[in-house]
Amino acid sequence: MNYFSFLAEHGSTLLLGTVTTVKVLICATILYVIISIIFGLMRVSNNSFIQGVATIYIEFFRGTSLMVQLFWVYYVLPFFGISLEAFTSGVVAIGMNFGAYGAEIVRGGIIAVPKGQWEGAYALNFSPAKRMRRIIIPQIFPIILPPAANLTVELLKATALVALVTVVDLTFEAKQINSITWLSAQCFGTALIIYYIISRFFLVPFLRWLEIIAARKVGKEKI
Amino acid sequence: MNRFIKSIGVFLVILFSITAVNAETLTSKLKSGSKLRLGFGTAVPWAYAGDNGQALGFVNMIALTVLEEMGITEDQTETKVFEWSGLIPGLNANRSDMVTGGMYILKSRCENMNFSDPIGVFGDAMMVPKGNPKGINNYADVIKTGAKLVTGAGFNTVEAAKKYGVPDSQMMLVEGEVGILAAMKAGRADVAVQTFFGAKEHEAKSNGMFEVTDPKLMPKETLNVVGIGFRKSDVEFKDNFNKALAKVMANPAKMLERAGEYGYDKAQLPPPSMSTEWACSTK
Amino acid sequence: MDAEWKWDFVYQILPKMLLATLNTIMAAGIGYAIAVVVGMLFLVGQRTPYKIINILVREIVEFIRSTPLLIQLFFVYFVGPQFGIVLSAWVSAMITIGLHFGTYLSEVYRGALKGVPISQWEACRALNFSTIYTYKRIIFPQAFPIAIPGMGNYLVGIFKDTPLLSTIGVAELFHAATAVGGYHYRYLEPYTMVGVIFLILSIPAAMGIRKLERSVNKAQGKVKN
């Protein structure tokens, strides 16, 4: 069976799986961004309890393997009363794991904002919320976007793991096709190419565009 | 800022509690419209998923025939493909409602889930390179020749191999039927042990590279019955299933036709002497 | 749902799990060693005087970096035999993980080289040092400290990616947990133990790396919070 007839027969299955992969990517990204912001802010809080909680969360999720966390959320968590659907389990595990890494990036961004900005906002009598919204956060974006972009590409690759907990994504379909047809080079090769295309021609350009917008908003020309 | 954090926290709590476990039984869940989830691994020709996620394989066919007898049509079911060792934990973690992997009824499994009445009797066989160069036909031969034996994690053959004394150093555990054929094809193992049907399927797929040993040369105790698995708490559903199964077995023509597509035939019909209770206590 | 934690089960499987942990450490170690070397090769491959080679290597690095390790593992494991290249699960795993993390490390090396002030390169040129001497005595000693935090992070990263190797049959810790869990039909204790063992091993490692990072930055004159 040459490659084109393989594509004709199995291409649509792989594409269906790709749709699920993209769904996982988007949902997990939203979740991890939210968690990163929350825990990043908690990490720089002056309240040592809040900071402690954030540190524990970050250390825990960075210190254990994503695959272990994923299997744990899927197979073990139900015994503690929380039974999430496979898709949700995947999104939650990936989101919480990457949120820990993202929190450190956010923290790095907050620290990198010059102290003068904080002092200026204080002197001008800005409320803490306004200070965050108008002064600090816009300056954080250009700083955190490059490492966050790397992290997001990592996330795309991490979505492949959800196939191991019954989520029917691209990796899952590739495995299925392999187990029935044994055309390993074709199915896994195509899967690799699809991931590459998503990353190189969609995800990375999108993230670069975000970086440019963020830089423009703060007045820096090009990064 | 604090309010923002608090509201996110509340949102997450709500998100989690919505999807919390409900202690409903299977029968009532189905009545309220949830789909019946068939859980299986990828084991051709026992049970596997088609390109569109449809249930294929003879165990699935038998299960679907019985379900129809119970008034549950195929579009009220959905399939969930697991790694083999995750089938029972998945069932107990409420990831599936029925295990149609084609699991042999074994004592250790009975302790963790309930089985329906038997749907068939099957044996194990070994798969070796064509010509059987090392002359392996059963576990004793494996031990004698020091050969590398491959089988799937969570398979009944793992327990069986242990029981017959195959040392850990000679065992190779891979993921399911797919892993077994991959290991054999690549010459990573000398012999594979699995169900007779699984071995036959691999022999066919391997274009003459491998052959299946005579199952009669395997220890007689490896003849086993297969049942459909249910959670311990779903007793009502299991009883209804058994009633429908008995009806189907009394007139097995339709079941044999559907399952026959995958190689199941009259010889597999379970003898009344091999009941679930018997298997749970002796296997 | 019974969430009863069975301690006797824990003690029953603990020896097997600890033994498997040794395999995990070995896998991470060997994979990392390969990655360090492969990273160098990828780096050099992008800095040759021949543009074609540079571009080709760059594309390969990008491709490996942008695709999931899991699929790469399946590819090497399943496709190899299709073309007559039969490698054991361990060798397939080591090659794949070595290549994969080699691409990451080559990026770390690139960043480290960039971090060496250009004046150093210029001075070497002015003083007529040979290329080898330049790299060996001037550039490398300055680049290496910059690379350490990145390299350390990926060491921890490779360790945490070892569970993926279980999907192609490498008998490391996660594989042992799945095998034991599948044998006894209980995942609660095995998977929790895997998590705990990982924590015990990686938190000190991560703390050590952060200490290293701080001391390197102090030595470089950058003060960090």
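By letter and in written order, the chains are A, B and C; residue numbering begins at 1 in each of them.
Here is the rule we use: a contact is a pair of C-beta atoms (placed from the backbone, for glycine too) under 8 Å apart; a residue touches a chain by one contact, two chains touch by 3 or more.
Remember, it's a predicted structure, so these values are computed and weren't measured experimentally.
Engineer: Could you draw the chains as nodes, link the ones that touch, and say if you get a line, ring, star, complete or other?
Structural biologist: Contact map by chain: complete.
Engineer: Looking only at C-beta pairs in contact, point me to the busier pair out of A-B and A-C.
Structural biologist: It is A-C, judged by the count of C-beta pairs in contact.
Engineer: Averaged over CA atoms, how far is the centre of chain A from the centre of chain B? Could you give it in whole Å?
Structural biologist: Chain A and chain B have C-alpha centres separated by 35 Å.
Engineer: Find the geometric centre of each of chain A and chain C from their Cα atoms only, then give the gap between the two centres in Å, rounded to an integer.
Structural biologist: Comparing mean C-alpha positions, chain C is 20 Å from chain A.
Engineer: What are the residues of chain C that contact at least two other chains?
Structural biologist: 1, 78, 167, 187
Engineer: Hey, what residues on chain A touch two or more of the other chains?
Structural biologist: Chain A, residues with two or more chain partners: 75-76, 78-79, 81, 164, 175, 178.
Engineer: Note the residues in chain B that touch 2 or more other chains, in rising order.
Structural biologist: Residues 21, 83, 86, 89, 92-94 of chain B each touch two or more of the other chains.
Engineer: Which chain B residues qualify as touching chain C in the complex?
Structural biologist: 21, 83-86, 88-89, 92-94, 108-109, 111-113, 153-154, 158-159, 172-175, 179, 182-183, 185-188
Engineer: With touch defined as at the start, can you tell me which chain A residues reach chain C in the complex?
Structural biologist: For chain A paired with chain C, touching residues are 59-60, 62-69, 71-72, 75-76, 78-81, 111, 153, 156-161, 163-164, 171, 174-175, 178, 184-185, 188-189, 191-192, 195-196, 199-200.
Engineer: Quick one: in the complex, what on chain C touches chain B?
Structural biologist: Contacts found on chain C: 1, 77-78, 80-81, 86-89, 167-169, 171, 175, 178-179, 181-187.
Engineer: Give every residue of chain C touching chain A within the complex, in rising order.
Structural biologist: 1-3, 62-63, 66-72, 74-75, 78-79, 82-83, 160-164, 167, 174, 187-188, 191-192, 194-195, 198-199, 202-203, 206, 225
Engineer: Looking at the complex, which residues from chain B come into contact with chain A?
Structural biologist: These residues of chain B touch chain A: 1, 5, 8, 16, 19-21, 42, 44, 48-49, 51-53, 80-83, 86, 89-90, 92-95, 176-178, 181, 205.
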